[in-house]
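Take a look at this one; I'll ask things after.
A, B and C label the chains in the order they appear, each numbered from 1.
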Amino acid sequence: MSAATAHEAAATAAPMAAPQAAAAWPFLQMVNVSRRFGSLKAVDDVSFDMAAGELRAVIGPNGAGKTTFFNLISGLLPPSQGRVIFDGEDITRRSIAHRVAKGIVRTFQITEILPDLSVFENIRVGVETARGINARPWIGRGERIAVNRRIEELIAIVNLTDKARRIVGELAHGDQRVVEVAVALSVGPRLLLLDEPTAGMGDSETEHMVDLVRRLHSDQGVSVLFIEHDMDIVFGIAQRITVLDRGRVLADGPPEQISADPQVRAAYLGEAE
Amino acid sequence: MQLLLFNAFNGLIQGVFYALMALGLALILSLNSVINMAHGGFLVIGAYLAYTLSPYLGFWGALIVGPLLAGVIGLAVERGLIRPIYKRSDPLYSLLLTFGLALIIEDLTRTIWGAQGLPLEVPDVINSPVSETYFFITGYRLFVIGITAAAAIGLYLLLRYTLLGIRIRAGTSDLETTAALGVNIYKLRALNFGFGCLFAGLAGVLAAGVLGLTPPMGNSLIMPSFVAIIIGGVGSLFGAVLGGLLIGLAAGIVTTYYPAASEAVIYLMMLIVLAVRPRGLLGEEGLFE
Amino acid sequence: MTRAATIAAMWIALIALPWWLPLIGGYTALGSKVLIYAIATMGLNLVLGFTGGLSFGQAAYFGLGGYGAGMTLKYLVPSTPLAILIGTLVGGLAATILGPLVMRRRGIYFAMITIAIGQLFYFVIVRWNEVTGGEDGLAGFGRQDIHLGNVVIPLTDVNFYYLVLLCFTVAVAVMWTLLQSPLGHTWVAIRENRRRLQFLGVRPERYVWASFAIAGFITAFAGTLNALLFNFTSPQDLHWILSGDFVIMIVLGGMRSFFGPLIGVIIFVVAQDYLSSLTDNWMTFIGLIFVLIVLLFPRGVFGIFDRRAKIA
C-alpha cells in the first residue's frame, strides 16, 4: 500500500484509540540493547520505552530485527549488550518462566499450539498454569469446576464457543492463531507480545483478529505490543508505532508522526509499494 | 604390572571395535536421524560373510569384501525399509524398525551358521606376537589398530575434501537447505547409511579375528558403542572414536582390579559425563537436548 | 457400546478369566503375565505416549522391581506384600534418581540415554553373582501366603491371578487419575509442544522427571509381580530386548490410548507364546512383527478408531 492510504488509515484510527494510560514510569524499557549473531547485528543499540496500557506496533522491513527484538523481551534469547527492564525490575538475565510470571506472554510468527488437542484442552493447560496447580497429580471437583468456568469464559472472549471441542490441528489457520492468543490470554498477561497476529489470514479472519486485539486492549486492560506487516492494521489500531530498520530504531511516535516522517517514508513505506 | 598392561591393551583393542562401531552409528545418527539398533546386525553380517568367503578369497579378500557386502546390504535396507519412514517425524519408528531387524539378523545368523562360536583364521604373517615379554601384543592386534586408524582418517578426508563428504556434512547441519540447493538427499542418506554399515562390517571382520564369531556378538557390542557416542558427544565423529577408546581402556584397566565391574564401569563413566558435561566431551552445545 | 459398558465388560471378562482361558487352550499364569505386562506398559506409556519421551530402557526398572521383591523374600522377610513394596521402591527410586540425567533430552537422545542407563543395571545384576545369582537368575524364593488378620490366603495360581488383577485395578485407577489431573494435562502438553508450554511459564524438565519417575515406580511394581508369578527372575527381565518388546506392545495397541497397551500386550504375549511353541526361529517372527507394525500399522489397534492418533 502507499503512504497516502496509510495516512488516511491513521486519520480514521485516531478517534478510536483508547485514552493513554497515565503511567508514571516506563512499563517496558530497553536500554541500549544489542544482539549479535556472529558478525550480524540483528538488534543494534536499541533503546525503547513502552507505557502500561499502550497498544503499540513494531514495523520494519524483513530482516529489520523485529522477531529478535521480541525474543529479547520474552527471554528466548539473552541480549549481547544492554538491559531489559519490566515494571521496575531488571529482567535482562531472568528466565522465560520468571518473565511469564511477571506478565510477559507472547505468541509466535509460526503458530505454536497443541495440535492434537481440542480448543478447550489447549486453553486448559494455560488456565491450570495460571492457577498454579499444573503439578498436581489429582484435581478436586470444586477446582475442576472453577477451571472449566474460566476456560469457557476465555473461549467466549475469543468467540470460539461453537468450536470448543474441535481438534485445533484441524481448524482453519485463522482460528488456530486465535487459539494461540486465547492460550496466551489464559495465563493472565499484562504485556502481550503478538508476532504477526494476522499473518497468512484471509480478510474476514484478519478482521476477527484485529477486533480481538482491540478488545483485549480496551476490555481486558492488556498492554499489547505487536509486529505487523499490514499497514491498514498498524495505522488502524496502534496508538504508537516503533519502526525498526537493520536492527536500529528508525522512528518512534504516534501514527500521524510516523506516516509523515520522511526517513520512514524513504526507508520503509516507499518500499512497501 | 604385566597384568595391567595386558588388560589395558586388551581393553584398547576392545575400544577400537567400539570406536569403529560408534563411528558408523554416529554417521547414521547425524545424517539419517536414525538410531540404528541393527548396527550390531551389520557387524555380524560383515563378519560371517567374511568367514564364509575367506576360503575362496583368502583373509585379505574377505577383509575387503565382507565389509563391502555389509555396506551394500545396508544400502538395500535403507532404500527398502527406512526411506519410507523418514517422513514420520517421530524417531520412535526407525528405532523399532531397526530393533526388529536386529532380532531377525541375530536369529537368522544362528540358523545359517549355528549358535556355537566359529574362528576366523588370520594369516600367520600378522598373527605372531611382536615380543616375548608382551606376548599379547600380536601383529594382528597392531594391524587392527592400524586399519581402524586408516579407516577413521580415510573417513575424515572423505568428509573434508570430497564433494560427497561436503554434502554429507552440509546435510547433517541443515538437511532442508541442502535439499533446496539441489542435492539429492535421498541418495545422500542412502549412501551415508551404507557407509555406516560398512564400518560396522569392518569392525565385525576385525573383531572376528580376535574374538571369533558368535551370533550375538553384534548386539553385545552395540550398547558400548552408544555409550561411546554419548561420552564423546553427539554430533562429533572424533568424539565417538575418543569415547570408544576411552571406555575400552577403562574397562580393561578395571578388569585388572575388579573384574566384575568391567562392564558396569563404562555406564558409570557415561553417567558421570552426563552429570558433569551433558553434551559429552566434544559434543556441540544444544545439539544434545 | 458406551465407554463405560466396554470397560465393565472388560472387567467381567478379566474376573472370569480363570474359567474361560483354559477352555480356549490358555492357562491362568498366562493371564497373570498379560496383566503384569499391561501394568508395566501402561506405566511406560505415561512417558512414551503421554509425555512424548522415548524411554527405551524401561525393562531395567521392571527387572529391578523383580530382583527387589525376590531378594526381599530370599534374604529379608517372608512376606509377599513387603516384597512388592520393597521391589517397587527399589525400581522406582532408581528411575527417580536418574531422572534428572534424562529429563532435558529429547527424541533420539532421550532414547539413547535411557537404553544405555538400563544396561548399567543389567550388568550390575549379572556380575553381582553371589547375591543375584548372576546369569542364571535369582531362584530359591517363593511367594508367601497372605495373612489378613486370622485369615490366610494361599497364593495358588488362581488366587495369585486375582492378586494381580487387584494390583492392575489399583494401577489403572492411579494412572487414570493422573491423566485426568493437571499434571497429566501438562504431560500431554509437553508431548504436543514443549515450546508453547515454556512460554506459558512452565519448566518442562521437572514434569518429564515426574513422568519418568512415576513410570519407573509403576513398571517396578509390575516387575515385582512378575518375579512372584514365576518365583524366579533373571537378567533377561532387565535386558534392552525386553525394553524394546514393551515399546512395540504399546505401539501395537496404540500409544495415544489409555488401554492401548493392554491390547498390544494381549496380542504380543499370546503371539510370542504361540510362536515359541511352533518354531525355533520365533525371534525372526517377532522381528518381522516389529518391521510390519512400523511399516503398515504404526497407529496400532486403537489408532484405527481414533482420528486423533496420527503419526506425527
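Of note:
Keep in mind that, in the parts below, contacts are C-beta pairs under 8 Å (C-beta built on N, C-alpha and C of every residue); 3 or more make two chains touch, one makes a residue touch a chain.
No experiment lies behind these values; they were computed from the predicted model shown.
The most central chain, judged by the distance from its Cα centroid to the centroid of all protein Cα atoms shown, is C. A centroid comparison over C-alpha atoms places B as the chain most distant from subunit A. Mean C-alpha position of subunit A lies 45 Å from that of subunit C. One simple way to say how far apart two chains are is to compare their mean CA positions; for subunit A and subunit B this gives 50 Å.
Averaging Cα coordinates per chain places subunit B and subunit C 31 Å apart. The multi-chain contact residues of subunit C, meaning those touching 2 or more other chains, are 312.
Within subunit A, contacts with two or more other chains are made by no residue at all. By the touch rule above, subunit A contacts subunit C in their complex via residues 74, 95-97, 99-101, 105-106, 108, 112-117, 121, 124-126, 128-129, 133-139, 167, 183-184, 186-187.
Residue ranges on subunit B touching subunit C, taken from their complex, read 29, 33-35, 37, 81, 84-85, 88-97, 99-108, 111, 223, 226-227, 229-230, 234, 260-261, 263-264, 267-268, 270-271, 274-275, 278, 288-289. Of all the residues in subunit C, the ones that touch subunit A in their complex are 177-178, 180-186, 188-189, 192-193, 195-203, 206-207, 210, 256, 307-308, 310, 312.
For subunit C in complex with subunit B, the touching residues are 48, 54, 56, 98, 101, 104-109, 111-113, 115-117, 119-120, 123-124, 126-129, 240-241, 244, 247-248, 251, 280-281, 283-284, 286-291, 293-295, 298, 311-312.
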